[in-house]
Every structure is written in structure tokens, then in C-alpha cells.
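Heads up, the next two complexes both have chain A, just with different partners, chain B and then chain C.
Right, the complex of A and B next:
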């Protein structure tokens, strides 16, 4: 392009000067650099020594574990399947793997701008989720039936996350629109509900869903405990996400709404064609952030007795045989969470930069 | 059907339906609940608050025994939640400030360490971190092989042991006397040309006076500090921090630090560069610029986000139940199991958290109003 702005000449420092500026700018900086450098070096060395050099890798040598050796990764080889799949029938675990991959692919696809329309995105997620449930549950085309009581490990974590995200997102849209509505009773009522949900810890809500709902509903309406917990979790997610969407709705210039009214557009057309696409687009980084938080918070359900990845990790440690290998198991769990959460948050950061540059 | 197209009437009907459905659901839940409660023989009402619990609580700031009432137990739970929550907020804010200063320092090494810290601790669920620290603490050596620092601080699978001051009422009186003398001196020198030196002067005067009075006026046979000592399978004396409490505090603090650090960093970056350069032009040292210009200005910018984070941390203390720390939620949960008074206790649970969270928001709003830049900005 011809109209590119000419950049100011770069202020070049030679390597010595830049090293000095970045690391040794003064006595205090020099001190910090040296201390932290030594600390990092020592930590990295210990980590390498423990995790790789002296580690025991296979179950054949598991007798060596605990005797002056490093990490005992044999526990992962031995019990990794339990952590990842829980009590899912051994012969059917390929289905669980495939189902998880489908959801991951769905997450990946929804990161592509091609899918960012108000009709394609829900369609993508609902079909991805249906394939996931179909694969996990089976009961057709010769796939044996595996009920949700047998689901566990990482696939249960992903199932809870995906259901909460889909159901909660729908609820959040309803909440946000209701709170913005000019019908006072509905706006105030939903506003009260949102504030109440936001002031309570997630754990208490899930606990209430597991314990209270059976007390207050007739038997035929209770559903399974997993369903109740997912619904309560979705309400919690929706309360936070609704506020994000509301911020997005408020950021739309009022002229657009007036123009739509002048054209006599019906309410739903206004919402679907004008308001929601922009509201989502403007708040995409916050939405991703909320998804990140939700993924981390699925680990809470372990407290009320679900066998998701956190609980299955604890079960491995609690089994007696691998009690001493708790660090290895927790590191493995941390890496699993880290991959999902870090990936999502990096994507969010990338989107934010992109939006600041005005590309979305 | 003219009236159905009128927007006002349609809205009225819609809202009336909404209200009727809500009340219908609440009424239905009430009747089903009544029936279930009668069927299962569950007691109702608030009489249980004055009955004895019959179960122990492993961590309590006030006297408690299984003969205490449910009211006491709930109060202990609330105190425990507040203790862990407030300590977490305090330490996480302090460490978060250090973290944020590291990340904006301009020293590449400090920035690297800060970034690595944030990415690691923020991206792992807090409950996993709490489990991890709890396992580490409970796998420490037993009392006999406890790690010790100068034989006064001990680390074992029973938790941390610290020495604490064991002042008698007389000692506290002496300390107050020393404090009074120092404060009077501080105000007497208000007008003199020693003004700038008043604080260090009277701080050291207070310390000297206090130690003199304590050493001379203290009965020699009782020690000033209670120092932990291993006797058989347990420690005697000192202050014990149980593994449950310590693990929860460490886990929440390290997790909270990463979030609060990012909030503070955002605040620090929001300070206009020109003001920092003006400070430098006036000859202030980098430390003075941070203390006098950057941090006060940044603090105002980040207060709302910080308030949200504090509320969040307060709510996160509920994961304590996973490692057996008796916070408010854990006590309520045990009470429900033991007394069966589900609805009443859940009402207490929600009320407790709403009160705590609204108090934090209220205090932060007051602070915000006090700190707001006066006059035109």
C-alpha cells in the first residue's frame, strides 16, 4: 500500500546496552534479576530432575517408586484410564474418547469467524452436543447403552461444561432481555433473581439442587441428580453471563433501536437481527472469560459426589496402592485443566487484540 | 380483538401471567414440601437452634463442645469463613501488589516470573490447588521428625506451630502505658523542628520503653512467649495452624494473588504516563513515584474490580468442605445431616452469604466515595 505511515526510526541498542536496560538497570534490578534467575534455574533443574531424569515411567519398574527416585509416572500408565474415563465400560472407552474429541472440535470450530452468526453458532453447538450425548449414551445401531451413572472422568467434566454452557447461554439471553424489558414486574423480578444468584457461592446452589429440590418437588419432576445439578449450574452461569450480555446490549447506540422502531420491525426481529449479534460480538472476550471460569468451576461438583476428572484423580490416590503418588496425579490433573483453560484464555486474549484493531 | 393488539394490555396480561406462574410454583413447592416433610417425619421450626449439637468441630476460635447449641455452631462457622476469607483477602492483596509491581517493573526477569506465576496459578481450578496443598501438608513427617526452624517454629503433619506472646493482664497494662507515653510525646513535639523524625523517634522510644517495662515489671517465673514443644505425639504450647486451615489459606491466597495481581496491574497501567514522568522530573526516586503517585492513582481505578474479586474470594472459602475445614457451609451441611432441618438451615446459609457479600460491597463503596478525587478531575 502506498499510504502506509512511515514508522519513526527504531531506537536501536546494541546487545550489551539492551541487556543492561532489561536486566541490570540499577543495583536493585541487578539484585532481583540475580536472585530470581538463580531461583528459576534451581526450580527448573529440580523439576527436570524429578519429572524426567529420575522419573519411573512404566508399571514394570513401579517397585522402584519412592526410593530416591523422581516422579512415578507409572501411576498414570496404570490408572490414567480411570482418571480420563471413570467407570465407563472398558471396551466402550473409544466412544468416550471420540465424544470428547467431538466437543473439542466443536469448541475449535466455534472459534472460527465463519460460524459467528446468530443461527450457525447455536446449531453447531447443539449438533456437537447431540453427537456427544449419542456417543456416550449409545443404545442404537448396536452401540450398547451406557447410562449417565456410569459416565465419569474427563468426559463427565466435558459433559457438565457443555450442557451448562449451552443451556446457560440460552437462559442468559432470556435473563438479559427480561432485565432490559420495559415491563417493570418482569425486569425487577429477573433482576432480583440475578442478584440473588450472584451473591451465593456456586457450591451452595449445587448443594441446594442436590438436596432441596427432591424435598420440594413431586417424584415425577425430580429427574436425576446430575440433571438437577446441571440445571442449577446453568442458572448460576446464566446470572453472570446475563450481565455480560446486558453490558453488550447497552453498548449498542440507541439510534439503531430507534431506526428499527421507525421501520416498524417486530420485537423478535429487532432482537435477533440487530441487538444480539452486536451484543455478543462486543462482549466476546468477557464471554470467553466466563467460559474459562465455568470450566474451572466444574471441578466443584466433585464435592457433591460426582465422579468427574477431579474426583477420579482423588479416587486413584485414595485407593491405597498409589497413595504416595499424589503429586504426580495432581500434576496430571493440573495439566489437563491447564490445556483447556490456557487454550481458551489465549484465544480470548487474541480476540481482544483483534477487536481492538477493529477487525471483528 | 382490538384489545389484544394494544401493547399496554398485552404487557399487562404478560406480566400478570408471569406473577401467577411464579406464585403458583412457590405455592406448589410449599405444599409438596409440607407433604414430604410430614411423610418423612422431619421437624420444622427454629427450636433446634437452642438444642445441643452432639458433634465436634475441628477448628474454632471460641469455646465449643458437643454440648454447645446449634446457634454457637453456626456462629463458629461464620467466624471461620470470615477468618479464612479476610486473611486470604489481606495476603492476596499484598502479594498481588508485589506481583503487579513485578509485571510492570520493566525488568525482563521480573516480568517473566510474574507472567509465569499468573498463567500457572490462574489456570488451575482452586479446588485442585487446595487438595494439592492439603496433601503436601498431611504428608509432612510426624511430630517426632518435624521440620523445625531454630526449634521455635515446627512443621509437621499436625500443621504449623508458631510461638505466640503469652501476655498476662499486667503485661498488657505495661504495654498500654508505654504506648500512652509514646503517643503523648508524639503530640507534644507537633510544633517543633523535629517534626519529620517524630514517627521513627517515638516508634523506637515505644519499643525501648515497652521492653524495659516488660523485662523489669514482669514476674520472672512465667515466660513471655509460649513456645511450641514436642511432647510424645503432639505439640504443647504455641499457636497451632491445622493443615485444613493452612491448606485452604495457602490455596486460596495463591489463586487469589494471580487474579488480584492482574487487577492491580490493570490499575497501574491505567495511570497516565505524564504524571509519572512529572514525578521523575521533580526528582522523585522510582520508589517515591510508586508510593506517592502511581499506587494512589491506580488504587482508585481498580477499586470496583477489586471489590468483586474480594466477594468472589469470600465465596470461594466454601471449597474448604472438600478438605474438612469447618467453614459456614460445612457447618450448615453437617447440621442438615444431623438435625434434618433442611429448609431453615439453607435459609441461614443464603442469609449468611448475602450479609457477608453485601457488607463487603458496602464497605468498598464507602471507601470508593472517600477516595474519589475531590473537585473537578
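Right, the complex of A and C next:
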């Protein structure tokens, strides 16, 4: 840090001068810059060396793996399909790919403000989910039946995330509104439910949904295990998201509601047209945060026997043949998670900029 | 007086144990412009907000256009459709554009089609010389412009009565006149207006009747000429003196 007085920038410095000013202003600055720069450079070089230069790319050369070479990406070539598709029947994996693309496209489209109307958004999601389930499950038009126990890999991860997010978001809105209700029983009851859900670990909740519910309920009420898990997960998500939305609702100036009342707008219109858009706008960073957490938490369904992308990765390592390549497999998984989570947070940032400009 | 459109009898309201309205009786006839003035905390705004049910009251009766203003929500909704309100802080919907602010309430409250609502909104906005700002958002406008949008939004509902709650108090001085001009224009077109304001010039020049509130009661009312030039009550005299000193 330089000790010179801060001065208003009279004109823009050129890159050389600004580099000098920011990183080489004094001996200490220069020292720090050089040491850290060298450290980062060395780490990057090691990563490059390991990941690309000395890496083994093809299964033909897999014998070389483990002998003074870098990353052994042959494992991904060999078992990538297992990671991406789990136990989905090999010959039918094009369906899983297509379903995955459909759900990603649905998520992508619903990010566009054009679709943010009370009719378009549900329509988009209902059709997106129907196509997904149709493709994955099959059982018509000559597509063989693949039950949800066989679903797996990336498409299962995305499906769980998307369903939990959409269903949970709907629930969260209901929770948040109910908690503000004038009817004491409803408001207190929902408050208690939210506190209860938040005090339970997610794992306990999912375990109860997967294992304990079937013991207590008649067969016709059970649905599939995947469905029960998604519903339980949605309630968990909703408990947290409801509090976020409630904070958003409380941050709306009372004048907005008064104006709507004075204009004789009906209750549903006040909620849908005035309160919720403003609540979501005010709490966008927390909502994106919740979405990111939820995406990563989907890996917890492994424990109750679902073969989502993380479990598939573990299965590859556990197969004996590729036990040594656990780093490569986890790096591959990390990249998959990174792509989605980074996409989510970039989208959040884009939305925030857009809203700062005044648009919703 | 001819056909009464607003009538309050013995309206009493408490904030906790504080009696903010002490049995107020007031009648407003069609086409009249009534200005309510008085010192801060005298209950003027509360009285105004009781007239369209934004504030509940504890005792007495209010009827607007022959409809009771009270707990019956369906009657209250009917009243609110006919009574426009303009607030001190504009209260425009901050996430909607100027045009959407004017269009949405028409569609949702009156069930008017989007096409019709847009046509009405555009004509109201252009009457206030706001048509060039139709696509902007409230926070991109000046206070005076925002208040004119708020008036356009209220007028789009084709109200029979307009309530103004200190419409110029939050404005920079140079923007006060653009808002008062619109109100004066409304008054000259025989809109029924009830206005709470500290703008004594407006009261003197535009009002048909001025009422002075003090500690929850209307202590004197009459023509501007009488209230400003020959007030009877000593409190009115003091109030007029303090206002004229400003």
C-alpha cells in the first residue's frame, strides 16, 4: 500500500502506470507481488503439467497411468458414461442425454424475463418436466420402461435440483404468505412447521421419506421413492426459502400496499403483481445462494440409494480397475458442479445488474 | 348543501389510548374542493385515510357515495374504485414502469382489457405531459413527475372523488407548482376533492371551503375568505398567523 495521499484520478493511467501504482508502489509491495506471483505461477505450472502436458488421455495408453505421468484422463474416457448416466441402460442412454438437455433448456428459458408471467412459467415447467419424465421413464411408443430406481448420473442430479427448486419455491411462497396470515392458527402453525423443518438435518428428513414413510402409509399413497425424496427435500428447501421471501416481503415499504389498497386491487393481485416481484427482487442474492447450496446438497441422496452424479463417480473409483484415479474422477465431478454453480451465480449477477437499471 | 358524496358523523379513532379523532362530523358535496389544514399531529391525514378505509376507525359512521366505509370489504372495494388517492410519498409501484403503474390497477380492479387500459393510461399521461416518460421507472423521475404519475394513475380509474394527502410536502420547492396546477385544473373541472395540505396559497385560491383541524376536531370551517381574513376561533387566528410568518 502506498503512503501517498489519495488523489482524485485526474486522467486514466495507462496499463503500465496503473500496474506500477497498484502492485509495485514500494519495496514491500514489490516483494509481496513477486513472491505471490511466483507462487501462483508455480502452482499453475504444476497444474498444467499434471493436467495436460504429462496427462494420459486415451485408454490405449492406460498402462502408463501411475508411472511418473500426470493425470490419467483415460478413466473419464473409459467410465465417463457411468458417471454421466449412472445405471441407466446403456443402449437407452441417448434418452437420458436428451432429457438432461431438455431440463437444462427449461431452466435456461425460465431464466429469461420473457417467460416470467403467471401463465408462461408454469406452462414451461410442466412441459419441460413432462418431456423429461417421458424420455427417462419411457414405456410408450416402443421406448422401453426405465423405472426411476435405474435413473442416475447427471440427469438425476439436475432433475432432483430442478424439481426441488421449482416445487420448493412454490411451497416457500405459500409458507411465507401463510406466515403473514391474519389467522393466528395458520400463521403460528406454519411458523412452527418452518422451525421444525429447519431444526432437522436434511439427511434425517430424506431418510425418513425414503425408509420410514413406506412403513407408515398405505401402498397407494407412497408413490415412488424418488418422488418421496424430492417432496421431502422440497419441504426442507421451502423452510429456508420461505424465510428469505418473508424478509423480502417485510422490506417492501408499507406505501406500496396502501397504494394497491387505495386502488382497490384484489388480494391475489397485490400478492402476485406487487409483493412477490418486489420481494424476489430484494432478496435475489440470498435466493441464488440458496439455489447454489441446494444444487450441491443433491449429492446427499446418494446415501439413500440414488445413483446421482457423485455416487456414480464413487462407483467408478470403487470398481477396482480405476481405484488409483480418484483425483481425476473428483476433478471431473468438480468441473461438472462448477459449470452449473458458476452459471447460476453469473445469472444472479446478471439479474442484479439488470434490476439496478430499473427493469425487473 | 346539495348531494352529499362524503359524510362523516362522530368519527372517533384511538391510537392506543390517544384519541386522534374526537367525534369528527364532516360533509362534502359533489364537485366541491375541500382543503383540510391544521398543525402537525392534529389528525388531518388520519381523517383523510379513514375516508377510503386505509385507516379503521373506532366509533361513528362514514359513508361515501352512499356506501358505508367500514368492515364490509366488498362495500369498501366499491368505494375505493370510485375514490382516487394521492399520497405524500407518491407510492408508485417501484418495480413497474410509469405506463404499467397506470395500466395494471385498471386491469386488476376494474377488469378493463389491456388495450383499453393502455389507451386510457396514455391519454392521462399525455394530458400531464408525461407521455415521453411512459417507459421509465419511478426512480428515474423527479419528485414532481412522480407525483403527476401518481395522479394520472389515480385518474385512470375514473374516480368521482380525489383524496390528496399532503401531495406537495415531499417535493422540492420548484416542483410544487407543477403538482398544484394539475390539482387546480381538476378542481375547475368540478372533481370532488378533499385535500390535506400546508399550501395556504392553494387553499386560498382554489378551495371552496377550508376546514381547520386541531387536536382531533374540526374547530372551524368556511370559505377561504372567511378563514383567512376573518377567522372566529382564536386557534385559527394563531394558526393563520404562524402560517403567514413562514
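Assume the second predicted complex is superposed on the first by the 303 of 360 C-alpha atoms of A that agree within 3 Å, B and C clash if a C-alpha of one lies under 4 Å from a C-alpha of the other, contacts with A are read in each partner's own complex, and residues count from 1 in each chain.
The criterion applied here is as follows: a residue touches a chain if its C-beta (ideal position, glycine included) is under 8 Å from a C-beta of that chain, and two chains touch if they have at least 3 such contacts.
Just so you know, these numbers come straight off a predicted model, no measurement behind them.
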State whether A:40 touches chain B only (first), chain C only (second), both chains, or neither. first
Quick check for you: in the superposed arrangement, does A:269 touch first (chain B), second (chain C), both or neither? second
Considering only touches as defined above, state whether A:80 meets chain B (first), chain C (second), both or neither. neither
Go through the superposed model and pick first if A:216 touches only chain B, second if only chain C, both, or neither. first
Check whether A:302 is in contact with chain B, with chain C, with both or with neither, and answer first, second, both or neither. first
So, A:278: does it touch chain B (first), chain C (second), both, or neither? second
Just to be sure I read the superposition right, which of the two partners does A:317 touch: chain B = first, chain C = second, or both, or neither? first
Using the touch criterion from the header, give the chain among chain B and chain C with more contacted residues in chain A. B
Given the complex, residues on chain B that touch chain A span 11, 14-15, 18-19, 22, 29-30, 32-33, 36-37, 105-110, 112-113, 119-120, 122-128, 131-132, 135-136, 139, 311, 315-316, 318-319, 321-322, 329, 333, 336, 342-343, 346, 349-350, 353-354, 357-358
Going by the contact rule at the top, pick out the chain A residues touching chain B in the complex. 22-23, 25, 29, 32-33, 36-37, 40, 182-186, 189, 196, 199-204, 207-208, 211-212, 215-218, 296-297, 299-300, 302-303, 310, 314, 317, 324, 326-327, 330, 333-334, 337-338, 341-342, 345
In the complex, chain C residues that touch chain A: 52-54, 77, 80-81, 83-85, 87, 89, 91-96, 104-105, 108-109, 136-137, 139-140, 150, 153-154, 157
With touch defined as at the start, can you tell me which chain A residues reach chain C in the complex? 253, 255-256, 258-266, 269, 273-274, 277-278, 281, 358-360
